[in-house]
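Each in structure tokens, the structures are laid out below.
In what follows, chain A forms one complex with chain B and a second complex with chain C.
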Partner chain A sequence: MASTLMPPPLRAGASNRFLRVVVNHLATAAAVGSTILVMAPLIAIFAYLLFKGASSLNLAFFTQIPKPVGETGGGMANSILGSGILLAIASLMGVPIGIAGGIYIAEFGRNGRLANMVRFTADVLNGVPSIVMGITIYTLLVAGRGFSALSGGVALGIMMIPTITRTTEEMLLMVPLNVREAALGLGVPNWRSVLSITLRTASPGVITGCMLAFARVAGETAPLLFTAFGNQYWSTSLNQPIAALPLQIYVYALSPYDEWHRLAWAGALVLIVLIVVSVALVRYVAGRGVLKGAS
Partner chain B sequence: MAGQADVNQRPESNGSAGAEPSPSTVRSYLLNCGSSALADRAFSGLMLVCALSIFAIVLLILVELISGSKLTIQKFGLPFFFGSAWDPVNGNFGAMPFIYGTVVSSILALIIAVPLAVGVAIFLTEMCPDWLRGFLAFFTELLAAIPSVVYGLWAVFVLVPLLRQYVDPFLIKTLGWSGIFAGPNYGIGMFAAGVILSVMILPIISSLTREVMSAVPHAQREAVLALGATRWEMIRMGVLRNARIGIVGAVILGLGRALGETMAVTMVIGNRPEIVRSLLAPAYSMASVIANEFSEASDPLYLSALIEIGLALFIVTIIVNALARVLVWAVTRGAPARGT
Partner chain C sequence: MGVAIEVSDLNAWYGTNHTLQSISLKIPANHATALIGPSGCGKSTFVRCLNRMHETNPIGRVTGTVRVGQTDIYAQASPVEIRRRIGMVFQRPNPFPTMSIYDNVASGLRLNGFRNRKVLDEVVERSLQQAALWEEVKNDLKKKSGASLSGGQQQRLCIARALAVDPEVMLMDEPASALDPVSTAKIEDLIFQLKSQYTIVIVTHNMQQAARVAENTGFFLNGKLVEFDATHKIFTNPTDKRTEDYITGRFG
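Right, the complex of A and B next:
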């Protein structure tokens, strides 16, 4: 097989060898070049975000609600609170169900057919556009009842489930079998062994997995468009439309007012800092391994 | 299997425990913790229900979308997807302009992103010094975590002016004769959408390609090098050839992302439901028409048309993602976990 892959030039003369070296260098240059080209937009986005965001960020951003058009100042305090409420609802729903699903695949299903199907479906579900989730929750919870914070939180919560299920499963599989056998050998009931031994051992990884899912949905806009809907005022009611940071950024970015553009950049910076911190945390914990010295 | 056997033995030890004269401290502590076969059964049942919720979500989406789009499915049938009229006032709907916009912008994104992503993956797996690799991998991961709306914000205020001032005039001058890059230069439009989409799907394609390439055994590389191949020949014949199915999977996964991407595209595609040859002209995509018009759609038929577009988007992305997963799994199954 391998011999058929080998081109004849390997046995040929010096000019061919020269050509091969040149091609080699060209390919190397292309790979390095594309890496630079890919890193450029990221650096550009970050630099611009830092520059624009930092210069528009002030105390008012965190303490005031949006001002009417034409007035300067104002902030996104209600959006930050709204995002907090939405994410709290989402986490209350997504985290327990997601972790439990992961426990099932790792501890009970293992390599069974059902577990594989759940794993596969979770991966596929991860790729479903978030706007589809928005429509689904709209027809399920919003139609006829009006926009509400609760429906937005549910939409985000459902989106967390597949991600958390998969990361929890991966983390639990890293816990050595010996640990489970030791627990069961002592006569610990299985459910207790799973919760207090296996899950506890894997908890740093599981928690960071949850944070990753949290960071993902924190920036989601599409599922909130027709569920949480957005709000210009303070609102903590679960039955009323509620403001959210990504929604507000979207509205302000498309507005024709410079003052609102400024706030959009500041909002984007706050959102990004939140996400970068959690991603960095995830990498830090994942890099150390779930279990010290064991995995 | 071993785990299940343990579970089945539990009631025995439990029942006999009561008859024992003096259980050890550990044992009596554990017995007081409320162990029973029932609890085990209930616990695994609960976990099973949560795992099954994944299927329930898929089913829920399907049922809700189908029932929500009943009106247009009955009225227009399959020709809904081929009609190009979009007239909410007179109740005449066709999804073709949106399907066209979604497909063309996604393909454009793939054309730009795939060569770059494979280049990055090659650099990271085969050439990169160790100290730089971790850093770059972190950066690409970060790129994947930036929310869509922030990409959109950047695209509106940085990318679009850049395209309008420098890139578009150049394309019109050099490729204007083809008609693909022609007409009034707004900056926003199909091309801008394709570019921002390519930036967004690059990280996912390159990180998956990297994973697939790392799964190629080292012996393969050494064998090709030992035959006198240059590094590029080694990569081409020893690595890319073996990883190609997985790379195709990664590309399809990126396609799935591009098809469903909403916010950033909505902000730059121009939102005009027309099929125009020029890529510089404003267009519309399936996800962005939903994002823009859903909350304004007061008429039931209008709403139903939008939901049907959502249904089509859902089914297409499910198929595309399933295909991609199968391909990636086929290659990386049994390979060591990433990161090491």
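Right, the complex of A and C next:
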């Protein structure tokens, strides 16, 4: 009954009040402690990368391609460009398909058979190890044709789809029924209401989902081993093997040379900074149109 | 006095739940008609059948005929056309949260492909004037989100949004039940002014409200229309014993 939920009488004495203050501080301390624990790994990784990689960063790193073994210097310009191209292909493929899939299962299929199949497939696809994705794309697109930027982008794009689909679905379902009814009640066709009202209302969450997927595949190495393959030279051709930051880091880190180890650390630092910057940039651009008081 | 809506033998279901049973009535044009009755009696379902919103519920089903003007809305029109002719204001204010005040009011026209800026400006101003909100928001039209307004302002914004598509009929499903007395009085004034141009159907739990704004009142009970008559008759000299019991507070 309600009486058991009632707070103790106000004049219950000093000890009661003391206990309440102590519990309050303990709860606050626990929350702050958890926050620190969550942030600690990211800060630690970032600090270690700065420590190991910052000293090898110079202009050449961003402007030159790798030097042959034995020569010092060189950079990862081609890998940075390659990663950009691969991620552009992946996003062009993964974002529209992922969002469209999420819209279908949230707004049209609901609990139908096809929707349940799509939902299940997305969950399984999310759990497929990335190396398996690489081998699959190798079999489908690479074998007989040769390694290519396109196949690498496709492999990353497919990996983006399930995350985007499921977050889009969840975010659309969070849009209250009365907002949808408002649109339908105005005589807006359902498809229009879904795109212009429901999706727009859910867009901050949908964008977060896309960014999560983007950040995840940006650091993937395994699916690129059998598809993009890597390249020591400049290449922007979609039909040719292409360099990528994670691949280059992988190759350099496994090498026996100290110089290459240092470059690998620098590459890792650049990769993580590029991911953080691109995520922040998208959030900034997407947040610019938000109005005063919009929830 | 012309008839705006003619309902005959209307039945509605949620799944196997027979929510409305054989409702027939004629709603006069350019008047306010109130629907009263205890919770769950079917009055909200009834107004949702008048603009085909009931069928947006996956388990909703309707039989019978509803004529709006010359149109049998279930046989001769698409739900989308009908909802443009019959506007609706809901129980809870539901402005589009990502849109500015201006965009909220313009949304009905814009989402149907209307783009003329000058006409939109005029429609937005006219609709906000009609909804008695213009003076309060005219300086923040494009700066503030519709969701930043107070509850009562939000509801008047929703009324302006419904008016902007120039409907023939306005359905109001307990439009003031989430509002304080001051905002409620504003909404009631509004209904009073609007009924010269529009046919208004208002669902309400508040019997004084029905008495204040409506010429005609219908009493619903357990999915049936018990009595439909002039408001003063319903409240002073009802024909049916159940109406009298409800009005005098013996149940519900």
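Observations on the structure shown:
The rule is short, and it goes like this: the second predicted complex is superposed on the first by the 220 of 295 C-alpha atoms of A that agree within 3 Å, B and C clash if a C-alpha of one lies under 4 Å from a C-alpha of the other, contacts with A are read in each partner's own complex, and residues count from 1 in each chain.
Going forward, a contact is a pair of C-beta atoms (placed from the backbone, for glycine too) under 8 Å apart; a residue touches a chain by one contact, two chains touch by 3 or more.
Since we're looking at a predicted model, the values are computed, not measured.
In the superposition on chain A, A:Ile158 makes contact with chain B only, while chain C stays out of contact range.
By the touch criterion stated above, A:Pro129 is placed in contact with chain B alone, chain C being left untouched.
When the shared chain is aligned, chain C comes close enough to touch A:Ala182, but chain B does not.
In the superposition on chain A, A:His261 contacts chain B only, with no contact to chain C. Of the two partner chains placed by the overlay, only chain C lies in contact with A:Thr201; chain B stays clear of it.
By the touch criterion stated above, A:Gln232 is placed in contact with neither chain B nor chain C. In the superposed pair of complexes, A:Leu37 makes contact with chain B only, with no contact to chain C.
Where the contact sets of chain A with chain B and with chain C meet, they give residues 110, 184, 186-189, 192. Remark: chain A residues 110, 176, 178-179, 181-189, 192-193, 196-197, 200-201, 203, 290-295 touch chain C in the complex.
In the complex of the two chains, the chain C residues touching chain A come out as 51, 53, 56, 58, 80-85, 87-88, 90, 92, 94-100, 107-108, 111-112, 143-145, 147-149, 158, 161-162, 165.
Residues 2, 5-7, 10, 20-21, 23-24, 26-28, 30-35, 37-39, 41-42, 44-45, 48-49, 96-98, 100-101, 103-105, 107-110, 114-115, 117-118, 120-136, 138-140, 158, 161-162, 165, 180, 184, 186-192, 194, 215-216, 218-222, 225-226, 229, 246, 249-250, 253-254, 261, 264-265, 268, 271-272, 275-276, 279-280, 283, 286-287 of chain A are the ones touching chain B in the complex. Interface residues of chain B, counted against chain A in their complex, comprise 3, 6-7, 10, 13, 26-27, 30, 33, 35-36, 39-40, 42-44, 46-55, 57-58, 60-61, 64-65, 67-68, 115-120, 122-124, 126-127, 136, 138-143, 145-154, 156-158, 199, 202, 206, 223-224, 227-233, 235-237, 241, 253, 256-257, 259-263, 267, 287, 290-291, 294-295, 306-307, 310, 313-314, 317-318, 320-322, 324-325, 339.
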